[in-house]
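Next come the structures, one after another.
In the two complexes below, chain A is the common chain; its partner is chain B in one and chain C in the other.
On to the complex of A and B.
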């Protein structure tokens, strides 16, 4: 019998009995465990395997060995005996997100790595995701849903979530892996389990509430008030959870525990320019301001932070934004470490503001500081037309 | 074209064009007007579909290669209108009549990126006449949602506060070089009406 047919029979059998409605929560998965081929769980795995295959060939997959090895190292430190069961995919995508599928694949967005201040914060989020997998929360959610509905309605729900047309393609990849919005109880359990897991792996528990707090702050600042963060579409968040987590973290002795700040900064610093460019392309300026504020506070290269503040104001184009952009680009340049493109951006803002002398000077500085500029002939063309 | 077929087009942004039920008509080798805004000459036959401000031509299918013509995009309009039901906040990047060529290149990259293209990069921006009007060209490189490497060539100009843009893109390994000369011939034959 084919696997699909087996799963179909299992689904039908379950629908015809009341057993599903009274099934207790599934036990924690064991290392190396896979579901029986005719089980409901096998059906769930089969569905997410398809999304894993799509993710594995996605153009957004980060293939940089160093970054992959680093993130996988954190996961294995947290997962211990389960390390071999977990596949980690680092996805080049703006926004805070990580997810874990019931079959053991985990996706970690670069937007999460941009926002984290240290390795311990990343460890908490990934530990939280691991808990969903280990406690088989997706399977339990599936059973609960099916106990309350019939299979047809369930599959309509699943398809609606998997389709997630309003969320866009990148979000679709993320949500496909989880299918369900976890319950409040499951979120609390994953928080508690993730906290214990990060402490057992040697990380400072105080990082846990700080990343949650950071996420809530960003949600409140987002321009996208209808759907603030993809992470919240499957992980209902609340200030209450952040407070609970802070209280629990305070009870744990953090002596000898690490934040892993220097390691994290060393690995991620060279990627931040690309990741910030990904963020700014989303044009969610309220959210980006929070991201930049935190990067400034945690010691990120000031030239990079000032430059992207300039980009934010230039692209937003609200009242006074031209002046703010000029100020930010100038501050970036004054650090001595700004990319040459800061001169070009400054020159083009000056030109738009009808300040030709300043525009000319800035564009000439751009060409001088970037001798091989690919847009040299275009900039020279502008210079011929600036009075 | 059915929606299922349209998924996985060369640039995901094309889903915005052909996500519904676009129908194709034959473009014969001769001079053609693009919605009364400018005309181009082609030496080979293409298949044409149209949606909103965009006309799309393809030989082997838009999943592999296409040339897209924007028919004079007005100030404040995005390159790609969000699909029905798609998230509209924050709004998609929009064209502004006061843009420089650098701004337009950034608009194209950000629009494609937001529509799903990954690791996209524009380069080699240079002045290049759009017909008899001063314009610009630049190159594009990126990866589509299926992991296929895509390259492109764009030619554009801002004329009477409207954006005129022609974008040729295709799979880097085969389809971009296959029709690139024809695409360049089309771009070189532009006559603004």
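On to the complex of A and C.
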């Protein structure tokens, strides 16, 4: 065996076992700790400070003091000694997400608040995010990535020189897989840490598997769900995480722990109309159906749920959807609490269904219930054209 | 390349930064600049031009063997202070009076028009880099003209600082790590050219009466070092070499 080949073999072994990263993982960050300016960590912070600045001045940021204070309160209970180190940004965005930057800024999407059923579920997700910060996952991940890709590039040269270039591609795949597996390990660790953290803050641990379960249901119902390759998935399959969490939660005594359901409902109820409007613009109707089913089951204002069901059917426009939309809008209006737009939407569906009298009546009701309607001229134009 | 945030559900992705990198690097090698003047007449002002110098956006990184850019804060601090000094010196050669932009101390508010203008400039500047410097991405309506503008809202900044123009500077510098140097060496042994660190950036001059970008210049270089005062001065001179003042 040539010398190059033997070096290649050693490197391959090193890559495949991911034993190249000689630096042990960084320790948990201390409260108030900031990195020395000549450290890698300071560089990573510097880079995310830019994105934090962008977010802090973004029009998508939710400015409402009550909601901000509420979310911040949850984060502080979870973060305990680290409360002062964490900056929370509530971002107006559809979809379930929250993220954590290495310098301590956390963004929480309103789509998460729309989907959560209680404070404890939110606490679990945010506790999970906090773990990424506390355990310096970004720093460790960067080191891991750098060490593995550095080794890979030399290995590829060695294989090319030795005339066995395909071995280099195999190594590339191995490195990618190893990188994502490192990332998955971090996600599992964050789940475990988040669970402990939420329990310490007084939340019922059973909320942890339930929010994951909720997510699996939505993922399966999604219109554009593509089964990700397990190998490249940056996150362990939610199913696996849900099972692990359920098993761990069952071992914890939940007596005296709170779900915080009524507080959560009271704080978020008034925002749901806006958040649902964001959600419907995604046009992922399968997903939205699951969201609406859960909102209905959790005591959300039926007028709102019916109205958005109507919107879903109207916009989806599949077979029988027109009838379903008419039924939903009518139900919304019957509650007495539907937004005036329900009349407009109902009128448009009737018109499309060639029911001019009903269309006219509904559109007129819209104009009557919303005297200052921005689209008054348009609606009046429609009314002229309806036979 | 850095993963800015850790998300339980979806990783944030965008191709824009990559394309901007491509635009900046296309001409990398020896120091090169390529500038555009606004279509039509050269900018006009009477007497000494009053320039509002915006805070330069600078980042220095280390290029790892595999080509990742690892951000370096200490290097960035040195580079920023060198460029600040160089800008003072280089601009002093022109008939200008310089006033420096100062961010409000009470943190950035989203409804602060200055901040939003800076963000708008970032978006427009990035767009220019993509669509004026990468021929394949040339926009049909912008191919033969240069008429980008931030809009008349920019005049508020001019009034606030009593300035005719705002000058924006963006610079990215990177240096090969030990591993990269070794890779370049090994590559050379086998006749493979491996690029080392590079210096890229742009300068943009905005007419604060109407928000028009009257001049735009891109710098791309395979040499240089913003951490060195003399070389930072050279880069700044190259960046501003054709500024129409």
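FYI, the second predicted complex is superposed on the first by the 322 of 387 C-alpha atoms of A that agree within 3 Å, B and C clash if a C-alpha of one lies under 4 Å from a C-alpha of the other, contacts with A are read in each partner's own complex, and residues count from 1 in each chain.
In this text, contacts are C-beta pairs under 8 Å (C-beta built on N, C-alpha and C of every residue); 3 or more make two chains touch, one makes a residue touch a chain.
Treat the numbers as computed from the prediction; the structure is a model and nothing was measured.
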Partner chain(s) touched by A:327 [first = chain B, second = chain C, both, neither]: neither
Of chain B and chain C, the chain that contacts the larger number of chain A residues: C
Partner chain(s) touched by A:348 [first = chain B, second = chain C, both, neither]: first
Touched partner set for A:58, first chain B, second chain C, both or neither: both
Contacts of A:48 with chain B and chain C, given as first, second, both or neither: second
Contacts of A:364 with chain B and chain C, given as first, second, both or neither: neither
Which of chain B and chain C A:382 touches, first, second, both or neither: first
Touching partner for A:289 - first (chain B), second (chain C), both, neither: neither
First (chain B), second (chain C), both or neither touched by A:281: first
Touched partner set for A:144, first chain B, second chain C, both or neither: neither
Chain A positions touched by chain B in one structure and by chain C in the second: 57-59, 61
Parts of chain A lying in touch with chain B, wherever the complex brings them together: 57-61, 92, 165-170, 223-227, 278, 281-285, 315, 344, 348, 351-352, 374-375, 377-378, 381-382
Residues of chain B touching chain A in the complex: 12, 83, 85-87, 89-93, 98, 100-103, 109-110, 113-114, 116-119, 123-127, 136, 142-148
List of chain C residues in touch with chain A within their complex: 2-12, 59, 61, 64-68, 70-74, 76-77, 107-110, 112, 115-116, 119, 179, 182-183, 186-187, 190, 192
List of chain A residues in touch with chain C within their complex: 37-40, 42-48, 51, 53-54, 56-59, 61, 63, 95-101, 107, 125, 128-129, 132, 137-138, 141-142, 145-146, 149-150, 152-154, 157, 160-161, 186-187, 190, 215, 234-235
